[in-house]
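The data blocks that follow each hold one structure.
In the two complexes that follow, chain A is the common piece, with chain B as its partner first and chain C second.
So, the complex of A and B:
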């Protein structure tokens, strides 16, 4: 009877599918060599936690998170699993206060109205903002024949507002003596939606050139140009258009092999390097109290050699209140993440290491999590 | 061939009309040609994107698939900068979520269809039929948001693969009900009457006569329903987090699935990640294809015996 034949077949198929659950492997150590070697060999994770830790949030720190967790920490702690979903800072904070994830990655610290919800989620204990990844924002461009370009806040503001429309504009030429600028029109690309990168970049423009960029810093773009989705979107748009310019995390500018403009902070042109961005981050002042290390960045810094457009992304964690296994894993992972050796390794993929004094404070705060 | 057809059909018209036969014939032939061209063009236009998609996915995604590690390894320890790893974690996630969905949706769907066909009298059947119609037009994002509001916000559960299955159940039930209903209607009434005549009670007739007769058709409907839900993305984005490691626990933690894996890597500009996006897309297409073929094969080799 076909009935029994078919049902037997189906049973075999279902059992077969279930049996498949046993034969996969999480072990990719043979393939995971080149990019990860630097991060994994430089530091030893203190003592490994076990279990699974889920985080969600900022896409600006995703590349760093992938590098540190997947190729660094997990290689040393095979019994741990770390998941990070880059859905955006706002989504990450919401999932964290909703108790759906163990920690949130965010480009901005918890807002006061979110702090209460976060405290409820942490069983009545405050949540802390721990600066963990510093990402310089690059002004990335593509212009045939020009690989060395200097801009300052005022000129950048005018470009991104559509007041300067060609590359050989006298205002750009004045900052770039000796560079032959073509008459190519400038195409500006910006991030659509609410973006932490847009917020930090426009805060910089407004703080440094308030006359040229009159709008307050905001996550929604107030300038001109064409919108693209996500950091990868704007970077790819510039890569495909001669005369294109955008603001994007350094990491993505490197991935797409874009030219990065030097920025004149008032004390001369500064090239974007891990070190020059670190100098600006070192000027940041703490606005949180105690172990809550929310920072305020001084975009108007005139220190020689300080690259002023930076973004600090935080890990938002419970000071207390996770269960014991997760707490141990979280502390072990964050300690590894904040370690100077790990941080230095991040320079290769376009991030800036945390300055020593910040990283010491972060270490103290992590130790105080219980 | 088409000219011949027109020639035949002009017969009665010639008798009825007073027009010159040659003019009428030529006009009809021209109209016929135009209509044929339009119909063929429409068909070609409809097929172009389909073929294009399949060719593109095959061309860009085929590179990684012959590798055994693609089918047996996860993405643990792999970043967009590193080539290697596999899609095992996502394949197993997709299959497990689909199985869990089927376990819930298939009995509900079949029982609802039995109610509609075998006990069709009454207001309840009309209500069920109406509800199924509405459900079948339900956008997947609405199903996902409903489960989020109900399962996670109200009942306080965490996001998990099972929450995804619950949303998929809402999408699969109408497919199962409708296909089962059609199959039950195909069962000849004589079989039921013969069974009743032998003194077999109604429930036993349904269980022993009607269902086995329609069985292969029902299985086909279930497999097609599964194929439909496997590619759903909205419930995954809302109801579960992505994980690069293997998680076979439906009830807790982040769990990968093929659409999620595609979505996770699609934002990357780096070559290894882009290759994995296409390979995962091809894997998903293959998985759905296998289910579709299995459904058709079962339908062909064990169709309703009359």
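So, the complex of A and C:
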């Protein structure tokens, strides 16, 4: 009986441990686990605020937010509490305009109809979109024997549209002279449900190769393939078998050790790095006015060395109207976040640092919050 | 001592005046009876209100549906241009559940027979609690285990089935990364403890007299189980299977993790070696985007079908149980 008792206890302990780990991923107040060490290298000094700040929204910036807030900012400012609930951009904007949270993280800027509601929430002051976290979207693949692959928008569109179905298709071979491509069938994986990554990726395809990708950019997938749940789901599916391809945030491609295709933007093949993604963000045009820094990415950029598929996520804040303590904390936190030292640290976990010209503007805007 | 009416015979002894004394109802009796009645009413009310809620929210969207709700495979719940049909979802839901039941019911019943009839005492109890523990594992763990650990082991089997029987619609390729087949097996493991535990309880209640009688008449152990234990436990096994099926139909998170969804615009297919979405996973995958009442209504309509489906299945089970009783 002792044996059975012990083994039962062990099983219970094991199940319990699994259950606890399951909860851990939702607990935003806990220390961010992966890549947390990188924050120690950032040297940005913060002018500390106190109190509690609650944010909600985009899951694309969750890892960055965890690292910056929990291991970076709070290490310097132990009297502050910063919570970020990654429920999705739409939910974040809704909670923000509803006055439930102090700021929202979002993959897209406030829509005009939302701006009115946001202004009401900010006691009659406009809300600003501040670009803060830039995430390149990788075209990730796994193919035995091939670690160096170049694609362009048109070929990518045809692959994701199901028109190119094997890896040794002449269209792919034309872009990859010198690479031996196997006759493996291509399995395309897309994100199930509505996703900001899908939206940005299809916007890129439609803007750059409108003939091959005829559908407008949309959060719902319009191509072919198999849908998997979440960024982790598509990345794992590609990692699972040779021949898979997907579009996914860079960090997930790194975590799953997937190969990332170079993208030919018309001026030669560009490898995905923080720097090459930053170049595209630097060419973005500001569509907001004044300190509202909503950006429009130029996906069709032909600048040499610019990786074109990037996603900029915003922090949506009140320009005025929060109480004094919260305002101080928010300004202190965002200043720390936008600091080049902090931004550089994000590169280790799959984000691109904001280019200098953008981060300067962001700093000016943060300073103007009152 | 009780009479045929179920009322205590003491109550029926005539009093001095000749009639049955009504007696003072005791407080405990009133409270307990009231609580029991109340909980019965509450449960019925909850189910009825759920049905009413689903129906009222679903009907406006159903009326606006531009395609046939039952026979279309489209799912574009765009406000103003609602086009949604459940054919593929219904098929996937039913397929996964049927597959889970095909595996879990025989396994669960045999398991229960082993635990109650064959296993020595020292083994039966710990073995039973280990099986019960399966029910305590969160479904997200089943999902992640299913796709990351278990699925790679099934690649060969699925390929073999597809190579040999690919001409049959149920086993058509191309094989997905997350198939109905994998989900069915994982779901079978998830419902196994429910079926085993309930069947074990009813089998253990088989009157010793029936079992001993069968053995005394010269029955072998298998014949004894067939003639005494199984008929006695039949209603219980059906109820257990229905509870298991309920869980299988409604399972959400494990399915969303395991099964690949299909690209919009795909024509209907029957294959178990491809992906799909069940009612529950469809709703879960899109829950973040319930902004507009009319598109939300499309998902609620899907939920309504699941609700009705569960009812129908349960009703069929009741009929089966009752008919067997009549002929027993």
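The rule is short, and it goes like this: the second predicted complex is superposed on the first by the 328 of 370 C-alpha atoms of A that agree within 3 Å, B and C clash if a C-alpha of one lies under 4 Å from a C-alpha of the other, contacts with A are read in each partner's own complex, and residues count from 1 in each chain.
Going forward, a residue touches a chain if its C-beta (ideal position, glycine included) is under 8 Å from a C-beta of that chain, and two chains touch if they have at least 3 such contacts.
The structure displayed is predicted, hence computed values, not measured ones.
Using the contact criterion defined above for the overlaid structures, shared-chain residue A:100 touches chain B, although it does not reach chain C. Of the two partner chains placed by superposition, only chain B is touched by A:349; chain C is not.
Once the two complexes are laid over each other on the shared chain, residue contacts for A:91 go to chain C alone; chain B is not touched. Note on chain A: of its two partners chain C and chain B, the one contacting more of its residues is B.
Applying the stated contact rule after C-alpha superposition, one finds that A:190 touches chain C and leaves chain B untouched. Contact with neither chain B nor chain C is seen for A:215 once the two complexes are overlaid on the shared chain. In the overlay built on the shared chain, the residue A:226 is in contact with chain C alone; chain B does not reach it. Touch criterion not met for A:282: it reaches neither chain B nor chain C. Once the two complexes are laid over each other on the shared chain, residue contacts for A:236 go to chain B and to chain C alike. Taken together, the two structures place residues 1, 7, 18, 233, 236 of chain A in contact with chain B in one case and with chain C in the other.
Residues of chain C that touch chain A in their complex: 122, 126, 129-130, 133, 136-138, 140-141, 147-148, 151-152, 155, 174, 176-178, 256-257, 260-264, 275, 277, 285-286, 288-289, 291.
Within the complex, the chain B residues that touch chain A are 69, 72-86, 88-89, 92, 95-96, 99, 152, 158-159, 212, 215-216, 219, 241-248, 253-254, 264, 267-270, 298, 301-302, 305. Across the complex, chain B is touched by residues 1-3, 5-7, 9-10, 14, 17-18, 20-21, 23-36, 52, 54, 56, 59, 63, 66-67, 70-71, 74-75, 81, 83, 85-86, 99-101, 230-233, 235-236, 239, 252, 255-256, 349 of chain A.
Those residues of chain A that touch chain C in the complex are listed here as 1, 4, 7-8, 11-12, 15, 18-19, 22, 87-88, 90-91, 185, 187, 189-190, 192-194, 219-229, 233, 236-237, 240-241, 244.
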